[in-house]
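Quick one: the structure is below, questions incoming.
Order of writing sets the labels: A, B, C, D and E. Residues in every chain begin at 1.
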Amino acid sequence: MHLARVIGDVVATHKDENLVGIKLLVLQPLTPERANAGRTLVAADAIGAGVGEEVFFVRGKEATFPFYPVEPPVDASIVGIVDHWNVEK
Amino acid sequence: MHLARVIGDVVATHKDENLVGIKLLVLQPLTPERANAGRTLVAADAIGAGVGEEVFFVRGKEATFPFYPVEPPVDASIVGIVDHWNVEK
Amino acid sequence: MHLARVIGDVVATHKDENLVGIKLLVLQPLTPERANAGRTLVAADAIGAGVGEEVFFVRGKEATFPFYPVEPPVDASIVGIVDHWNVEK
Amino acid sequence: MHLARVIGDVVATHKDENLVGIKLLVLQPLTPERANAGRTLVAADAIGAGVGEEVFFVRGKEATFPFYPVEPPVDASIVGIVDHWNVEK
Amino acid sequence: MHLARVIGDVVATHKDENLVGIKLLVLQPLTPERANAGRTLVAADAIGAGVGEEVFFVRGKEATFPFYPVEPPVDASIVGIVDHWNVEK
């Protein structure tokens, strides 16, 4: 999983039927020092996150697990809102 | 998922039988600012997209979900046409 | 999926038993302009491709689909020979 | 799999229900010479690792296997604590 | 799949129970010209490879196939020892 900040959302009327009702958010991955860590991506919101929040997301088929028994065609999902993290270097 | 612009298509007569009838499009991934974000790729069209449109696509085994119960050997599929997106930085 | 040119083959006598009889080809991924796009890889041939041909290949578990019901331990397979592609930039 | 050092942890109260009770650790991937090898990530702890330990982790759906029969939405898990490694160059 | 040279091994006493008895080797991926191709990784040995040998390995869930019916939490496995390869550029 990776840390990220929610920086936006995507609106799409015409989409796969299993995506209907799923909120699509734009994420900026973060380093533990809150620097940008690579490119933005679009993730399904499985947890009720909003713009500006720090979250962690999961990639791959595991991104569909929170939506079980539906299997939406998503490859990234927000699965937690971060309270804080602690890092020793 | 990632944002992308459809920039072309691929014609292949000789291919896996489960790919017959699936349109193959060339995608240029985009940043939220519409700059190119990495290399182009070939994606299956699950939604009826065309050249010039802005879409989002899914990677991995999830790319086969829209074609269920057929499981074509694809690792990227267009699953939505984007109306617009909003990003705060 | 990605476009590629077949540039060679790999000979391995001692290998997983589910790989016996599968041709292993070396691929150079290509941009739509036919420039090299990243590192070479080894792919299973699911379509009867040969050195010098332009193909497209699939990555991940989907690479095993053409060999069903056998599930060989492969993570990349050639699934089509390209006739041509069209790209607008 | 990759070698890594555990450098921190993540606290998240609001998360997917299948993540409850799973410790989330921050990993710094390492080269065999113990240099940093790319970006940090967040991994589920399947083995009882702690900050400062050298471990190896697995990515992808395989990261869920240690938690069977639960399938938490994780894409990276620590599956071993390293005693030592030997490398000839 | 990718070509690689086996350059070492990893010793881990405390690990996931499905990893017990599986040899863990350190791989240096190679280009067809035998230059280093990216970072080293740790792979499960499914074929009886040893340090110094040239092999090819598979990534992802497919890396567990050689160990069937056990599903060890591995994301890379050596599945063949290379006799030789031929590449035309």
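Note that in this section a residue touches a chain if its C-beta (ideal position, glycine included) is under 8 Å from a C-beta of that chain, and two chains touch if they have at least 3 such contacts.
Computed from a predicted model, the values in this text were never measured in an experiment.
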* Structure fact -> Whole-Å distance, C-alpha centre of chain C to that of chain D, is 31
* Asked: Quick one: chain A and chain B, Cα centre-to-centre, how many Å?
  -> 19
* Asked: If you look at chain D, which of its residues touch at least two other chains?
  -> 60-61, 63
* Draw the chains as points, connect those that touch, then say whether the picture is a line, ring, star, complete or other. => ring
* What is the order of the chains around the ring when you begin with chain C and head toward chain E? -> C, E, D, A, B
* Of chain C, residues touching chain E in the complex -> 7-16, 18-19, 24, 26, 39-44, 51-52, 60-61, 63-64, 71-76
* Within the complex, which stretch of chain A touches chain D? -> 1-3, 31-32, 37-38, 46-48, 56, 58-63, 65-66, 77, 79-89
